[in-house]
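Letters A, B, C and D mark the chains as written, and numbering starts fresh at 1 in each.
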């Protein structure tokens, strides 16, 4: 079965405005498709997504449409622009919404993003790619993603203002082209490895019965990362019991 | 004339939901008012603010309402919550919208935020206050704000999940209380100093005629930080000529 | 064959001064050993390590002793304290010295850290764990490490000064204990997976002949990350030819 | 009386190796001197400076020589190179050593860095200037420095490896030249303003008697930022009483 990748373009610009980040993401898509991966790109800002930290904020919230695709994918690539030296607000908003996934598990009791692979694409007219990539890839490890080596590609110009990726001819910049290829290869290598040899649910699962009870008393969107802490007494918990606990919302 | 402060609460939660960040901001407001400062608090997420980097994105954009208040104030305090170790998306969005101010100047040709003073309030149930404050205060210096010593106050709990500011009794945490007081005093000290002794428009002004011409060919929202670079030939420019160039949009 | 882990304690304090970071690292070692991993801990500041970005800076440089251990290990855990909201200087110095590994490859032409797994341990009396972990784990992915989910554990107290890990009883803090266990399990899971199913040398290898030539003209310690860019014309390069190119310095 | 500036070059390279960061710092020095400032540049790595967080670590520690100069200066400019996307280890080490100043006060009871002005110079062959500058300027505000607008200048090349400042002709890069000039002007403007109109010691002083007592029981180098918290009961403290409490160590 072909691997699936979802690529979220977190540009600030709505369609059909041209997106520099998309131009670099398209190069990554080219590599992924040549490696047999089925790709789907989503421009996040075209959807109605309220600020928040839950997976479904009710009527009119279109985040669940995007989350569904992520849950079905093997690879998530987050594309983003740099503003003021860090990742843009739409990328931060996406990460905040992914906080909601801490409330559920996969079939074996791990966070739902376990055994998925993450990568990052960054563009900006200058400085800030490391900051954008490092925060995002780290957040993804917290959510459950695995990050293979050289899992980012970026283009930035030199100090100060100047043309962005498309106008600057970033698409022929050797370093960016090479890291785009390395990144694409490595997320695919890792996704193939994890598909056949998933991370075993030992020492990294969420005690879901305890969880369900605890959650009743928690403020929504606030205590999700508590799960590790309530897991202690649940070590003997039956694996099958965990299976009822799924991504019930979706 | 009394000093004016605008405090932007960048919480993700709309009114009337209680905001932990607001609870700490209220302590800061108490200090500011006792020092004779006229305070106005704005919960950003209650306004309709599209993503972008211009000061006015057209019909329905309520950012200009907030920007007007900032332009009239002597002090800007940005309050924010931490999500995933960094400042929340609403705070990032506000900074992005402030990018639009690079396109205009104050009466003497400096960026419009010159001679205003910045400070930051951060709350989170854990870790990330330094990251949130440092990015924000640095961005503010780029925009033209002066940052006095000890210009931030924050509350975070210890590692991992747990109660937030209000439930945790942050309002009686000695370090947070003391830094809230220091910060309030220092932004007021500095605002008073700059009110009487502003930063002279020497070596830090924008060449507005050149600017106006250059801007015609620039992609909107992209090349604003270019101003320093086009300023070179304009050193002999007449001070009075600058005065016509104001915050024309507002 | 047992997995090997090297744990670098990047505390600022020389032996025999007690290290809070070591106290949390010891908990991680306990988990690793119970999972059958052979562990070696190194307190970096006890060695004579000059600042620099090469693998061997000549007489008196003891970094090669540490690098040798890393090269022989399957897992690298970097432990560090927080100072001023970010990772301490010794941790930064270690990462800078690892820059030297970009100049060599493993047997199949990848960076030498490929197929090794990374994790991070952070302690501080307050705030800065996310910043410390995210920068370090990201740097490790650039060097070639794979980062599994939940690959960090940390302890920090609440806002402002206060007791550090040992005095504060961090060793019984549920969140820290649980993340220490998760982290240990996941680096072991991933190291086992990669031992049996390494990342194939496809799309991520360094063109060593071209490299060797290019390097002659490069300033030392400056152009290493250029490797991807010179790789273009070398795609047909014979795999065996690569094997001569090893960690010649070590 | 002429203003004094100390410029710390935190390059990893010892003299007489050429330093790219120094080349940009020299441009800043040119501006400062033309504005009548007396400048002194220190290449930190040429001194014997152990890791730590106290102002004097005993025999052989040459940090006190540098600290003395900082204490006598009106302006501190920190110059640094970027490694792995963040400020280099020597810059981090300097900030850590400055932690020791929290243990003393100026004549009026504020941290010793109050009424001094900070700025930052960053060079790297690519990406990381914002991260380096933001962390450093923020740390400086905590220590007591005031940060004027546009207090940083930097040069970085575009994505990936490439020549550094000197070889790349950074000295003729318009944006870098302009920000170097803006930064120099603004630190001088602010230093002049604060020289005549210092930040009053109201709401920002350290309770030194209480401090002296508290410090006896504190672990060295660990609890300094506690000062704000112990200040509460000391509000009536006699101003003159503070004067005995000086930078006694130096």
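In this text, a contact is a pair of C-beta atoms (placed from the backbone, for glycine too) under 8 Å apart; a residue touches a chain by one contact, two chains touch by 3 or more.
Keep in mind that what you see is a predicted model, and the values were worked out from it rather than measured.
**Student:** Out of A-B and A-D, which chain pair has the most contact pairs?
**Tutor:** Answer to which pair has more contacts is A-B.
**Student:** Compute the centre of every chain as the mean of its C-alpha atoms, then state which one is farthest from the centre of subunit A.
**Tutor:** Looking at centroid distances, D is the chain farthest away.
**Student:** Taking each chain's centre as the mean position of its Cα atoms, how many Å separate subunit B from subunit D?
**Tutor:** Here the centre of subunit D sits 24 Å away from the centre of subunit B.
**Student:** Nearest whole angstrom, what separates the Cα centre of subunit A from the Cα centre of subunit B?
**Tutor:** Subunit A and subunit B have C-alpha centres separated by 30 Å.
**Student:** Distance-wise, how many Å sit between the C-alpha centres of subunit A and subunit D, to the nearest whole number?
**Tutor:** 38
**Student:** What are the residue numbers in subunit D that touch two or more other chains?
**Tutor:** Residues 84-86, 130, 134-135, 138-139, 142, 160-161, 174-175, 179, 225-226, 228-229 of subunit D each touch two or more of the other chains.
**Student:** Per the contact definition, I'd like the list of subunit C residues that touch subunit A in the complex.
**Tutor:** Going through subunit C, the ones touching subunit A are 31, 110-111, 113-114, 130, 133-135, 137-139, 141-152, 174-175, 178-179, 181-182, 184-186, 189-190, 193-194, 196-197, 199-200, 202-204, 225-226, 228-229, 231-232.
**Student:** Subunit D touches which residues of subunit A in the complex?
**Tutor:** Residue positions touching the partner: 84-86, 126-131, 134, 154-161, 170, 173-176, 179.
**Student:** Quick check: in the complex, which residue numbers of subunit D touch subunit C?
**Tutor:** Within the complex, subunit D contacts subunit C at residues 12, 45, 51-53, 83-90, 92-93, 95-96, 99, 125, 135, 138-139, 142, 160-162, 164, 219, 222-226, 228-229.
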